[in-house]
Every structure is written in C-alpha cells, then in structure tokens.
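In the part that follows, the structures are each spelled out as structure tokens.
Each of the two complexes below includes chain A, the first together with chain B, the second together with chain C.
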Partner chain A sequence: MSSFKRDKKEEEEGGSNPFLNLEKTSVLQETRMFNETPVNARKCTHILTKILYLINQGEQLGSREATECFFAMTKLFQSKDVIMRRMVYLGIKELSPIAEDVIIVTSSLTKDMTGKEDLYRAPAIRALCSITDNTMLQAVERYMKQCIVDRNAPVSSGALVSSLHLANTAGDVVKRWANEAQEALNSDNIMVQYHGLGLLYHIRKADRLAVTKLVNRLTKQNLKSPYAVCFLIRIACKIIEEEDAAGNSNAESPLFDFVESCLRNKSEMVVYEAAHAFVNLKRTNPRELSTAVSILQLFCGSSKATLRFAAVRTMNKVAMLHPPAVNVCNLDLEGLIADSNRSVATLAITTLLKTGAESSVER
Partner chain B sequence: MDSLMEPTLYTIKGMCILDNDGNRILAKYYDKNVFPTVKEQKAYEKNLFNKTHRANAEIIMLDGLTCVYKSNVDLLFYVMGSTHENELILLSVLNCLFDTVTMILKKNVEKRAVLENLDIVMLAFDEICDGGIILDADPSSVVKRVDLRNDDIPIGEQTVAQVLQSAREQLKWSLLK
Partner chain C sequence: GDNDGAFIPEHKLVMVGLDNAGKTTILYQFLMNEVVHTSPTIGSNVEEIVWKNIHFLVWDLGGQQSLRAAWSTYYTNTEFIIMVIDSTDRERLAVTREELYKMLQHEDLTKASLLVYANKQDLKESMSAAEISKQLDLTSIKKHQWHIQSCCALTGEGLYQGLEWIAQRIKKK
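Coming up: the complex of A and B.
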C-alpha cells in the first residue's frame, strides 16, 4: 500500500513538476539553443528558467560553466521578447558574481536603460549596477543621475535602490548624487519618495547637522509614503537619543512632537512604528507612554495575528521597564492567552507574569 | 536597544515559497550574514515548515528572525526580517507577494500553476525586493510590470477546448466564492 502511494505521488510529481530531476550538465548543454537565429523566445525563456531554478535550488556552477552560460546568454539580446529580456537581466544578476568578463554586457544594458521601452529600463539599471565596478561607474554616472530624476516611477526607484547598493563600494561617487536624490524625495510616488529618503540619508548620515536639517524640514511637510514616514521616525529617534546622550536635550523637541503626531497617522504601519518608538525612547514620560500603550491596547483586539503579535511584543518590552503602564491592559492580555497564534499567547503570558497581581489569578 | 539601530532600507532578509512537503520552490536570501550557504537555508526552511504548516497563524519568531507567512492549497509563502523590524512592514510585503502571485496565476494559486509560470513568479520576486530593499509593495503595479504575456487570444480564434477550459474555470470560481 505504502509503495503504491509513493508511486502515485512520484507520478503526480513527475507530471506536475517540469523541473524535477533536472541535470545541470544537460541544461547547460541546452544553452546552445541561444546561438540560433532567429531566437526562439519561448524555448529560450524556458531554458533560462531552468538554469535559474537550478541555481535557486543550490546547484553550484563553476567559474567556467558560468562564464560559458553567460556568454551564450548575451546572444539573446538580439530578440526583443519582453519576458525573455527580463529573464536575461535576472540571469546576468545571478551569474555576475561567478562568471568572468561580465562587463561585456555593459553597452547592451546601457542601451536598454536609456532606450524608449520603459519595461526594459528599470530592470536594466538594476542589472547594470550589479556588474558595474568602481572604475566603470564614472562612465555611467551621467545616466544614473538622469534615471534617478526620471518621471517613470520604477525607473527612478530602480536607480535609487541601485545607488544605495553601489554606495557600499563606491561611496564617494554616489555622494555626488545628493541633489538628484533630493529631487526624488518630492515625487508623488510613495516608493520613489521612500527610496529617495533612504539614499539621501545614507549620503548625509555622517554629517549630523545636515541630517538634523533634513529631518526638521521633512517633519513639517506631510510625506505621503507610509514607508518613508516610518523611516523618518527612526531617524528622528536616533537624533533625539543622540542629543539626550550628549546632554543638550530640550524638553520640547520638535522631533518628539513629530513622533507623537505620527500616533494619529492614518496608516497602521506608521502608528505602530511611532508607538514602538515611544516605548524605546529613554525620555518618554509616563503620560506619553500611556498614550502609546493605549494604542497597542487597541491593536490587541485586531483580527490580524501580526498586529496582535506586534502589540504584545512591544507591551512585553514596556512591562519589563514600567510594569504599571501595562497594568491597564491586563484584561486584554488575558484574552490573548488562548490566542490561536502560539507566539502571541506565550508573549501575553510572559507579559502578564510581570504585571499581574494575585487578584487576577482566579480569572 | 532597538532605537539606536542604524536606520536602513535593508528590511527584508528573505522571501520564499515552499510546497506542502516543505521543499523549496523558490527562495531568496538577501543578507549574506543570515544563512550564507544553501544547506543552512534549506535546514532553516525545513524547521520553519515544521513549525508553521499546521498552524495557520500568520507570524512566528524563529532563530532570530521574524517571519510572516500565509498558506494556500499546497503552497506556503514566507517573508523574513530581523526581529527589530516593524512587523507590519513585513506583512505588507507578504501581502504584496501573495496577491501578485494570485493575480499572475489568475487565482489558481497552487504548486502546479506556480511551476508552470515560474519565470513570471521569478520576475515578481525581483520586482518586489531588490537585494533586501522593498522595491514595490503594490501588487497591481508589480503585476503590470511582470505579467506581460499576451495570451488573450480573441474568442474567435480559440479552440473549443480552450473555450471550455476558461468556462470551466469561471464556473469553478463562481462556485467557490
């Protein structure tokens, strides 16, 4: 019976998984197909998928194998099939750390990123930046700056994110792109705004004064992107902590007011980020702490397990430092003891252990 | 202390899709310090699968990572981040991943369909997260950029089998609603 079952299972697997039992060598052989003209886009896309699948499953490619495969792939730039082109970009990114002489595709990618087809441009930028090194960056710098301020949101986002990756290896070149990043920050697109802020902060972060200025300005202008606001809260908290540590804290810091105003944001993500920040800031006074806790208390009743988890985990932290602040939520926490999510239940119990009194034992 | 962590856009540590035996269908890890080898990654995935496949509980903390997840028929979707990360941000990425795949597969979210459209699903991974930075979290804009197949053959040119197939699917979905 059991063998019958297994057979059946294998049969099903074989039928449903076209990628089962792929052989690396034979798949690499198939890349010969890439040399044919005209390119058969459908077949070549399938072969590319197989290669990427094998790599994703942990198959190791040697340097020679990878290089051969990479060079075969470059032939596919002849075809204009969109999906295949995109798979080629993925292949470039996947193989570039292993293969040699990958800079051979620089000009093809530069052509795609400056071309008319928006569907090529954004991913081409990201692929290009994965093969670009410090010396070559100078050559594409002009295009990168243009792309950062491009009106097409994915192009702009792609360029900003790639710049951030590059900043780890070519920090001084990327530093020169601050003006462009600044412009991206004013974008209407929520992701571009987020990425713009991320890059600008990265460029400026060594300069305390510049960061403070940036944050002060942004807290006054209502950022649309909840991701950007979350990020801004984190920067603000860092400045507040640093100022406090340096001993020049002013009681009515505008940054502190900004974080407080975020508790009334319409995005749950931002509200939670702000509440979380209050709990972690050293200077939070009991009144503000209780505001934050009452928001977390609301989250406890949410139907989303993640929201309940986030709330209880933060309360657990409050309970460690200021148990009385969480006392008011004991009833809510007791309700979570039997939560369907075990992490939530465990956290609720450990929190109660810190805040609970004898009177609640019976319940 | 959390608040002293350097603010960074590198939010996502990993994303993966597993089948109902805990085998990897597609997985990406973005932080070289977390599971540097595939062996460690797969061991983690097995562990994660064992802890999550029965309880549909949405979130778990495991081995120093916060992991949000979602299951459907024979697939499990995971998004991982550091334990200091805002859980709701991770959840927004998970929702984007799941909704994107749902739209790509035309609501037919199961292992077979994912494998048949693996190229598009790979592209979707790439459009949602780039090296650990959230690139886009809006499923409809991701789908617009990756699902470029023009398989909408006009009805006059479809074969009888194709018409029957699409009718069957529509019926199935109207019944399941």
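Coming up: the complex of A and C.
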C-alpha cells in the first residue's frame, strides 16, 4: 500500500524518476562507449545503471543482444575505477544466464578475487560463480578453496554461498571442498560460521551417518552464530523425527536435550526457533509443550512486531493440535486483538476462536 | 580520478597466439619485470604498461580454440597486434598461420601493425625467427607493417627490442 502511495506522489511531482522512459535499443547502443580508450568511468557507470534498471523492470534481452552487451562490458576491465568495476560485476551476474561465451571474463574475475583490492574480492567470486559451469570449475577450484578459508569474512562468505549455488550443477566438484567448509565452520564471524554449516550440511546430507556425527559434534560445541544454531536445531529435529519414525525412539536423545537447552539461549531468534521446534516435534510431552508455549506467551508482549507475529502464528498452530495448552495465554492473545499490526491482530482473533470460551469471545 | 591521464594518449595493443605460447608471461614480464606463475588464461587479461613515457594498454587474449572466436570483439581501435609463437611447437605453426591471416583480414585491423614474438628461444629444439618467418610467409604481408623478434619470456630477453619497434612506429605517426 505504502509503495503505491509513494509512486502516485512521485507522479504528481512530475516524473522524478530519470529512468522512467528508457528505451532498450537506445541504451544498448550506448554501450558502444565501453570500447573507448581511456574509459569514461562516470558515463559508463551511468549506462550500466540503465542496463541493470531495464533488466530489473522485466525487459527481455535476446541472446544476441545480451552477448554483445556482455562483451562490450568486458572492455571496462581496463579501467581501475572501483564503483564502475562493482557495477560490472552486477552486470555480469544479470547477463550471464542469457549471454553466450560468458567464460571470457573468467581470467579477469579470478584475478580480482585473488587480488589486493578487498572491495573487489567477494563480488568477483559471486560473479565468477555465475559464469562458471561444471567443466570450467576445475580450472578455478584452487582459488575457490583458498577463498573459502580466507581471513576476510565477506570473501569467505561469498565463496561459501557461491559454492552452495554451484552444488546444484557441479555437485561432484563441490563435494571435494568439505575440508575447507569445515574450517570455515570454526570462524569467529557469525555469517561465515552459518554459511560454513550450510555448505557442509549440503555436502553431507545424503550420508545419514555423517550428518548425525556432524550434528552430535556441533551440539556439544558452543556455536557463536545464532543463525548456525537455528539451522542446527532444524537439522537436529529432522534427525529426531527420522529416528522416531524408524521406531528407535530413545526417550533421552541427546539431540532433544540440545533443542531444550536452546530455549535458554541468549538470542531471541534461537529461543523462538527452539520453541517452534518443540511445538512441532511429535514426541514433545505436555510439560515440555507448556514450557515452549510460555516462551511464545512472553514473545506476545514483545515490542517487536515480527516477534509478536511469529509467536501468535505458532500459537495459532498449537491451538489446532493442543487447544488446552494455549488456554493459559488467552489473556495475552486478547491483548493482541487491537494490535497495530493487522496480521498479528487477525491471527490473535482466529487463535482465540479456537481456544476461547464464550466469555472471552463476548469481550 | 576520472580525468587522470585523459590527455596522455594510450596505445592499444592486442596480444594473441595459441594456448601455451607465453602471452601472459610476456605481459607480466613487462608489467613487473618478473616471471609470474601463470595458469591457462580463460578469457582475457588487460594491463596498462608505461614504458618510455608511452602508455600501452595490452589485452592478452586466451589462446584455447574455444576462445579464439571471441578475439575479434577486442580488435576495435587496436594499433598493434602482437602474435606470440611457441618456437618449439612445429606441429601447430600451421594453425597459427591460419589464425594470423584470418585476423589480418578483419576490418577493424586494417591500420594495425604486427609484431611477431618468436618465444621460447632458450629451448634447444626451437625454430629460428627466420625459419618461422618463412613458414608463416610473412614477406607476403603487404598491407600491414610487420616485424619478427626472437625472445625468451622467462628471462625477458628480446622483449624490449620488440616494444622498441612499436615505440618507433608510434613516433612516426
């Protein structure tokens, strides 16, 4: 709604968007300027912006147009202008699915990802992985491995996430990077740790024994990254459900204890994830369920709308499975009926309809 | 900044040749006066080299067969083509010859001059510059200025004589 209002206002002010009337063919013709030496970085950056804008508006480029534009863009590597170079990386990522012979920038990008300019390294990795296929990957494998374990966090993160994307098309090559992903998992940086776990799990996920080993080890070690802990909770729950389904129900599963310990984590995100997990696990007993619900109850009073929304949405789900467990929270839910956030208010009302007695509904 | 060097003319050089001829090694020998460890160039390297107050913009284009078709997109405004030859690679000299004549016919290169580096002269089994010149039939080239220079990219021997020939040509213009 609000974005619609803004658009209208801009119209009234008289076309404040300078990109409003761009024409694809004329913008593509402007890319001829990329061939000039020396490069006019300011003008070329502006042209690159127009191209990105057009593509993001849904303009379709044909393979030939995209290829010509892509090759024109490669000429810009002769300039050392930092802002323009970063625009070129974005352009490479946008055009690489449509253009042909995109491997032409492989050398330029590997040079940037291993070079001295830190501002280039992470985006160069992401761009490189968008142009690399299974066969080319072997040529840059050495650099990818180095970047995964790089001390610079954005570089390491960029390499990990790119590897994850590559795993869909080049799974066999990426599988060989498990040692590097393992090393990233020990990073002090919360993002690197999270992405490290993401990649390592992806590599191992077909091997149940390896996953169980990994999770058992990590639950004993205090992971710094709340994102990584949330992910670990999800993997742990998956294992618990699988074991229970297989009939190996072990009442005192260490993984179950781990999820329970997460209810006392200092990060709200982790606490919510653990409470959510308890609500959804089949083996949760009424006592554990009530602990989880009381945490959600606490979140209903949070000043953060996202937290209230998450809590009441989960409550709504609990109310369908175990209405009595939610009864205790009816007062808190009633408080949310008039919440300034409409989604929160709606969820609170529907939850109350499931749990509330006549008296509360009347109120 | 944006306008730095805007009034110092840059001269565009395009360096081509088959894979493993030594193009990237030559580029970094010029740039840093040292031998860098190279791996096959997939695509292109571009570096600016300043020598005797002349700015050279050197495009080093990967030599693998799959990439050769893309060379021509880099020809616009090119003043000099440097063709690098592995002087020990007798078997593929015919391929080089074919690529060379195809290139010289390109409309964007009608005014370009040609420097041929007969590289890897340090190796015993290498052909001499004269022999390569004969095999490539260089004397038949009438529409382009050309020069052949024997060299060794690892030691740098002969490289600057080649660049000197280019510098002389620039001054005459």
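Keep this in mind: the second predicted complex is superposed on the first by the 345 of 363 C-alpha atoms of A that agree within 3 Å, B and C clash if a C-alpha of one lies under 4 Å from a C-alpha of the other, contacts with A are read in each partner's own complex, and residues count from 1 in each chain.
Assume a residue touches a chain if its C-beta (ideal position, glycine included) is under 8 Å from a C-beta of that chain, and two chains touch if they have at least 3 such contacts.
Quick caveat: nothing in here was measured; it's all calculated off a predicted structure.
Q: State whether chain B and chain C clash or fit side by side on chain A once the two structures are superposed.
A: By the criteria stated at the top, chain C and chain B fit after superposition, with no clash.
Q: For A:L255, select first, second, both or neither according to whether it touches chain B, chain C, the two together, or no partner.
A: neither
Q: Would you check which partner chain A:G158 touches, where first means chain B only, second means chain C only, and both and neither mean what they say?
A: The first partner, chain B, only.
Q: Does chain A have more residues touched by chain B or by chain C?
A: Tallying touched residues of chain A, the top partner is B.
Q: In the overlaid three-chain picture, which partner chain does A:K111 touch, first (chain B) or second (chain C), both, or neither?
A: second
Q: Of the two partner chains, chain B (first) and chain C (second), which one does A:S343 touch, if any: first, second, both, or neither?
A: first
Q: Just to be sure I read the superposition right, which of the two partners does A:L200 touch: chain B = first, chain C = second, or both, or neither?
A: In the superposition, A:L200 touches no partner, neither chain B nor chain C.
Q: With chain A's C-alpha centre as vertex, what's the angle to chain B and chain C, nearest 10 degrees?
A: Here the answer is 90 degrees.
Q: Where does A:L263 make contact in the superposed view: on chain B (first), on chain C (second), on both, or on neither?
A: The answer is neither, since A:L263 touches no partner chain.
Q: After the superposition, pull out the minimum Cα separation from chain B to chain C in whole angstrom, please.
A: It comes out at 10 Å between the closest C-alpha atoms.
Q: Could you give the residue numbers on chain A that contact chain B in one complex and chain C in the other?
A: Dual-contact residues (chain A): none.
Q: Which residues of chain C touch chain A in the complex?
A: Of all residues in chain C, those touching chain A are 2, 5-6, 10, 12, 39-46, 48, 57, 59, 62, 67, 69-70, 73-74, 76-77.
Q: Sort out for me which residues of chain A touch chain B in the complex.
A: 16-19, 45-46, 48-49, 52-53, 56-58, 82-83, 86-87, 90, 93, 119, 122-123, 126, 154, 157-158, 161-162, 164-165, 191, 194-195, 198, 201, 205, 227, 230-231, 234-235, 237-238, 241, 268-269, 272-273, 276-277, 280-281, 304-307, 309-310, 313, 340-344
Q: Spell out the part of chain A that touches chain C in their complex, as residue ranges.
A: My answer: residues 35-38, 40-42, 71, 74-75, 77-78, 81, 101, 103-108, 110-111, 136, 139.
Q: Quick one: which bits of chain B touch chain A in the complex? Just the residue numbers, please.
A: Listed in rising order, the residues of chain B that touch chain A are 1-9, 24, 26-28, 38-39, 41-42, 55, 57-61, 68, 86-92, 111-112, 115-116, 118-120, 122-123, 126-127, 130-131, 133-138, 141, 145-146, 148-149.
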